């Protein structure tokens, strides 16, 4: 019943300056509204639709940038990891390790992430029912680490489409772990553009608002100053300039829900 | 951008006294909160899962009760119709004719309903995409009647399950017609009990809250003083005693969304 | 374990001559292969996607044509009915009454059809699980008429798409009633063309072959000499010229399955 | 248009003797029918539903057993790999590397597998459309290795359920790569037993038959002499004693399809 936190940033790290700019501007928008802010960015897009999609700066440079942002802006940082070794390396730098949805059932990755002692944000697989996330959380908790967050990011619904089932939020909350709603990946149309994933940016504020009214601990959003020219996830990222109005609305809804 | 209206009442008419009791109590809860109230009840459950399900009082007695409630309580009334003749007869009594989801593509029924000049609330078929409701509305509008409401009540999602896609609300709103969210049928589990339809009543306030945050013109809810012993839709009807708290929350959320 | 029967004909009746031509040609292709043939055609398309879709010749003229075909070619005929009165009227002319998928839960229609004593082919709703068809059959059987066929025609799968779940055939067969596979509606893309329903004709032989290998009592196919210019269901009807090769393959597969 | 091959074996390796017994018996059943046989078994179940599920013998011992089976029985062997290092190690032993469905979008794994020069069987993710597998194949082919097989193993359909869309087979075949149908995982009910995955073994022959009638290059089936006591995938594995009759039927259907 605490106010929601914001996990936000670009889909992928582009450069230190770009990360700084977004951390500064998103951070300011959040802080001005009393919303706890965690900077999110990926150093590697390990599962692009096609080989021609840009993968990112790599773990070495990526973790350096995240460490710099963390220090300069004093905000926690979150990034996603794809194998045991990445979990260990990223675990030395970031505050929250994120498990990608496709990988949420990979036992070794979950255990390695848990063993870092960092908080873990697990995305619910598009192929999983919300009640099945209890088993996923239990794998992590078996390491003695119970700093777990469960994240809804859309469920397979026919081909090239996801649907957000908002019953998922209270169902996952029954585990006792905080629940996060990922408002930008939820509007993806996987593979919808043939060689890349499409999306409907206009529904990001719609679904985020629904999540606030239903109740969740945090909202995850990928934000970019120029999504249409971003190296990945352009169609579903929120425009930076639209963020303040969205946060105002979410904050007001959250206050009603948790009031 | 006007405050939401409430379409509510029992799934099926049981007796005049029962209808009076519910109209009085639901109406009071709504009116005290400044929420426009439309009494809803069915005279015939024409598509029960199995033959042993109770069908209701029939159109003759049903319309009489609805007319009485309408006059005694001064509230508009809405009921569902299943064929051309029913549309004509009910259209002489009720304020809003409702087209059941399974029947939302039956052209003759839509035209007959439209020709009564009454307002029409069309439930979106569980098998239809939200954008396909524009064609449905157009059938009704071809009669010169544009008092149309489009109602989301859940979409087929695997077997015996519905999912509420909240993108549906803004998509249907693009038609220009007001959009209604049916919060009790959306939690049905069709056929989920073998010989009858199951449901998860606890998600009614959850989904209604999401709808308010997304924005809609009205909420539809079946309400009963003792759902577990109601002749139909027990598992998904809201308990009468829970209505006031639900309305308080919806009203607060609606004010944020439309403020 | 008897060889499969073929229910086939145009989506809608266009004229007596057109019906004659198709009954003659489809009938010959079937008879030459020892496949029992039932001529299928609709006199009214009561649930077109949009109002501008052609509805057909109407029940009066339609039943006359069906009676003529039945007498001239000596084949049974099947047509779909949409309300109680139509069931009664068509029941005096045709051998098999068909219940459309959208209407498979309308109790009065099922009872009226059952009471004609004719055989009834019920399409499984796109929104229904296969095991739920037992309740549907029971409604008809309550009239004392057990000449019931249950027909798979695709299940909602996301928006504007159907999927054919072939487990459905043995599941529905557990009722003891013969199971029909509708190979042309199963490849529809409902609403997929905006104002009308799309489809993928090339998958008709694919899905029909799968049904034969799984085992079913009959195959339903809409067939037209020029589907691209047919008044309805063009994208999913089989071309008449392709029918003989398809029947050859189905017959060979059916012989393996039932051998 | 060559006769189908059989990829079969236990879900997980249990011991050398157990592997020998199954390779011998499955191999004999296949060979007697002129069906090319590839022995399949996993050394690690890396994504069990819950932590308490048995994971297997590990890569060291597992590859030893596979190498022994390969030599003793003269049959090719296939196993699944979960990361780059495993792909490299297994690639030195087995004939076919298999990419698990959950991992079919992990670019590094696909590239590492491709670089071994071994044949690659990629399972289509439960969250992927069949046409999206062209992008997956292209990643592997970028390594210069075009010995690629694309495998249908069911698609998410609501919660805890998969559906087999047989249009998927011809769609994936448009890539030019051979298509495999996995008949045992397709009948899984993921997470359906709470702490483990359920399944409906009785539909294995049903779906395999459908695949043969539609046309595919190979069938994948997990087979066990006592599935109910197997360490994993018991509910969906085929009983060894049922294999000969199933192969007879598949062979007959395949001959029709490819004749």
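Structural remarks
The first chain written gets the first letter, and so on, giving A, B, C and D; residue counts start at 1 in each chain.
The rule we apply is simple: a residue touches a chain if its C-beta (ideal position, glycine included) is under 8 Å from a C-beta of that chain, and two chains touch if they have at least 3 such contacts.
The shown structure was predicted, so the numbers you read here are calculated from the model rather than taken from an experiment.
Any chain touching chain A that also touches chain B appears here: C, D.
When the interfaces A-D and B-D are ranked by C-beta pairs in contact, the top one is A-D. Farthest from chain C in terms of Cα centroid separation is A.
At the interface between chain A and chain C, over half of the residue numbers appear on both sides, which makes the contact a same-residue one. Centroids of chain A and chain D (each the mean of its C-alpha atoms) stand 33 Å apart.
Per-chain Cα centroids separate chain B from chain D by 48 Å. Residues of chain A found to touch two or more other chains are 155, 157, 159.
Within the complex formed with chain A, the chain D residues making contact are 46-51, 55, 82-83, 102-103, 105-108, 125-132, 135, 138-139, 142, 155-156, 159-160, 190-191, 195.
Taken together, the chain C residues at the contact with chain A in this complex read 157-159, 161. Touching chain B in their complex are the following residues of chain A: 155, 157, 163-167, 169-170, 187, 200, 202-203, 206-207, 209-214, 249, 252-253, 256-257, 259.
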